[in-house]
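These are the structures in question, set out in turn.
Two complexes come next, and they have one chain in common, chain A, joined by chain B in the first and chain C in the second.
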Partner chain A sequence: MSDNNNIVLSLKNVTKKFGDLTVLDNMSLDIHEHEIVVLCGPSGGGKSTLLRSINGLEKINSGEIYYRGELVTNKNIKSVRSHIGMVFQSFNLFDNLTVRDNLTIAPIKILKKTKAEAVEKAQSYLDTFGIGDKMDHYPHQLSGGQKQRVAIVRSMMMEPDVMLFDEPTSALDPEMIKEVLDAIRRLAEMGMTMVIVTHEIGFAREVSSRMLFLENAKIRVDASTEDFFTNTEDERLKQFLSVILKH
Partner chain B sequence: MSLASHKMLFFDTLIKSALPVTLQLILGSFVGACLIGLIGGIIRGMKVPVLSQILGVYVQLCRGIPDMLVLLFLYAAMTKGSTYSIAVLGISLIQGAYIMEIIKGGILSVDKGQWEAAKTLSLPFLTTLFRIVIPQVMLVALPALIGQLVLLIKGTSVASTIGCLELTKRAVIAMSGYSNALIVYGYVLVIFFIMCHALTVVGKKLEKYVVERIMGDKYER
Partner chain C sequence: MTFNWRVFQTTFPDFMRATGVTIQYAVIAIVIAVIWGIFIGSINFRRPKGIWRITSAYVCFFRETPLLVQIYFLFYGLSRLMPVSASIIAVAALVLNDGAFIAENVRGGLQSINKGQEEAAYALGFSKFQTMIYFLIPQAVTKVQDSIMNMVSIIIKDTSLLMWITITELTYMAHRVNSKYYQPVTAYLTAAVIYMALFLSVQGIKKLMDRRSQKKYELSES
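Presenting the complex of A and B:
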């Protein structure tokens, strides 16, 4: 695909267990710069756990994770994390802060931006995503789709190198899904490296360059998007796709 | 009872000499109880190992021992300190335990997702705690905290058991000089009621103000 210099994230033989249950089974995976990788698969397959392990929200039992060639350890996890954006299914905005403060608290504190710089940047992102008038709103005053776009901007404010999305539209009403998907499309146009868990299979096909099918703690299929949909020999994937495409 | 003796009882004995003591007891224990409650509540809410178990035992002790006994015990155990300072210590310890449980509950009520989001943004723990979590704790816990404070005000009368000259104790002493117990206790009762009622009224306003400060207006709980 591309040479090693372009690898943003690399998992080597990663195993994660919850008690006796193996959720990631000796998993290896490279994510290259500008790649848009969509993870799909049946519920409980380990998709969320994979994303959460990448930025240290879950501790892995064995294996290694590398960020830009550097082994991620307890020591550097904080600095590594600051390069990895994460968007959750349930938005997780800070309820007691306005959109402005939600967006600027981390860049001011961590990236040492001035307030004016941070606000200016926040405004330009909000404008890009069609919510430029929401700066002074509190999360409870926003719709689900607006909240998720704010959450995306909040991650982008940290100037991430890669963005992880865990079912960003699953908690949304159908009419709001499009606005969030459009926001992700904009990030794609900007060349953002992304790993996306989604059941929006049409969107996945359109935006991704590579698709992974996760089942029972293993990556069962790892293919270019084209091959994933047209050339797959994998029976389980065929079955999964037929169900999800009918739906 | 003559008007002059009413005046003497109410103004001189109760308002001028006893009320300031009670107010100082309230203020001192309020500060003490809030400090204990906030720090302990954070430790328990964050489930800090060992410390939170120890505090759990402390809370159970305070719940299971009559307030009066706590004070008598402290009074017997402490060789130094005025009755006032022993009372403040005792009431702080007792009320602090209840406030601790309120704060702990508030911290647990804040969605884990916000902690995780803060983590992914690399926000330091203390920033997350004080800028994001504690304000939301205040939001949910304020009504219970104000209720507890009313209990604290009433609870200061327990200081009388170790001879601290606050309202109740003064009343008991004054009894010997007056024939009508109903009037003496009646005055004290009214003073306590007014303080508690005032706090409840102010508390409602404060709640509204705090909600607006924390969540903006038009917020529905």
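Presenting the complex of A and C:
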């Protein structure tokens, strides 16, 4: 784990403020290859902002972010983003495009793949995630769970090095949560490096290798999943877990 | 004062020719105005430093002043600076005026698009420009499609003001027929009926377009 060669993402002293409110307070963090890191903690703790800062959707006030040892700047942000998949709470599929075009436009325009190549790959991913028949549908014709799986496939089409999930199941009906979690489990089996913000604590415990507890703009606990749930000394985390596990 | 069929019959070919001129100006103007409006509306949405002050001042000026004043302004003002024909002034006036309205519609359409669409595009590695071209502008245009179709019938009516700068369009023809035969009812009713027919054809095209886009959705429903 301490081998520097397999660090995918690295945050060094990252601070982010919204006006007077500090949401990320001098945060440092390394994410290694094949790690599955779950961020949890109370709302307003900075989980989503941390995730969004990694691929530049939020501009940080100070500190540095490295991707594979390379400092992320305004100049290379587009190329860095094409290596980092992002799945949003509200899916954000392109409303004006069919599933086919949603999935193939980025590989064609950015990775310069041929259309046939991209479509073939899209079909095989859709089949993997159980929505192989939705190729010609528009986003508004899909259920929430289907939309989110298409969004996951859209990110996977870019052959990402790491995937970020920003509360991927929070906008879903209970019965659709499972199909999306199953899709993420699938990626875990493939060995995908992932950073996930989620309130599905049972799922987090099952799938993650490392857990972070964020509160008041700081990483309060950073531990292996097992230690996080069984050996924690942190009073605040114990309290948080006792509430969330009971629920 | 009644409708004079004899005058109608003699002048009908002239009216048809003038209708051709009206359609020609309307079609050229709407095509350019849509492109121009999307361009200006996108600038006013993005607000790049400096430029958007100019573009939004332009939009304000052309929306809030009468078209006839703009036509005269361009006709007498521009022709003093450079030799331009009345027909170019005519198209320019229609494009600048109706383009300003379309620009405001497009800007509103762009603003109503969920921020998540943009973020998803950036997260995949698209540039700001690509995001506008592939995702935001197509969605905004779909949203304002109806009001753009309304602009088409407005432009057709707007062409009637071009008679004041010697364009021989439909209203000009009605004027000329009236001054020659002293038959205002015949002259202006003929013109009005033709305008109405043009409007109804535009409505027909609009219905066809609606049906087509509906079909597109239905096909993929199965």
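Convention: the second predicted complex is superposed on the first by the 246 of 247 C-alpha atoms of A that agree within 3 Å, B and C clash if a C-alpha of one lies under 4 Å from a C-alpha of the other, contacts with A are read in each partner's own complex, and residues count from 1 in each chain.
Just so it is clear, contacts are C-beta pairs under 8 Å (C-beta built on N, C-alpha and C of every residue); 3 or more make two chains touch, one makes a residue touch a chain.
Only a predicted model underlies this, so the values are computations on that prediction, with no experimental measurement involved.
Enquirer: Based on the superposition on chain A, does the combination of chain B and chain C result in a clash or a fit?
Expert: clash
Enquirer: Kindly classify A:175 by the partners it touches after superposition: chain B alone (first), chain C alone (second), both, or neither?
Expert: neither
Enquirer: Quick check for you: in the superposed arrangement, does A:55 touch first (chain B), second (chain C), both or neither?
Expert: both
Enquirer: Touching A:92 in the superposition: chain B (first), chain C (second), both, neither?
Expert: In the superposed model, A:92 contacts both chain B and chain C.
Enquirer: Where does A:109 make contact in the superposed view: on chain B (first), on chain C (second), on both, or on neither?
Expert: In the superposition, A:109 contacts both chain B and chain C.
Enquirer: I'd like to check the shared interface: which positions of chain A are touched by both chain B and chain C across the two complexes?
Expert: Comparing the two interfaces on chain A, one with chain B and one with chain C, the shared residues are 55-57, 78-79, 81-82, 84-86, 88, 90-98, 105-106, 109-110, 137-138, 141, 151, 154-155, 158.
Enquirer: Which part of chain A faces chain B closely enough to touch in the complex?
Expert: Touching chain B: residues 55-57, 78-79, 81-82, 84-86, 88, 90-98, 105-106, 109-110, 137-138, 140-141, 151, 154-155, 158 of chain A.
Enquirer: Please output the residues of chain A touching chain C within their complex, sorted ascending.
Expert: 55-57, 78-79, 81-82, 84-86, 88, 90-98, 105-106, 109-110, 136-138, 141, 151, 154-155, 158
Enquirer: Which residues of chain C touch chain A in their complex?
Expert: Per the stated touch rule, the residues are 114, 116-117, 119-127, 130, 134-135, 138-139, 142, 217, 219-221.
Enquirer: In their shared complex, at which residues does chain B touch chain A?
Expert: Of all residues in chain B, those touching chain A are 111, 113-114, 116-124, 127, 131-132, 135-136, 139, 214-216, 218-219.
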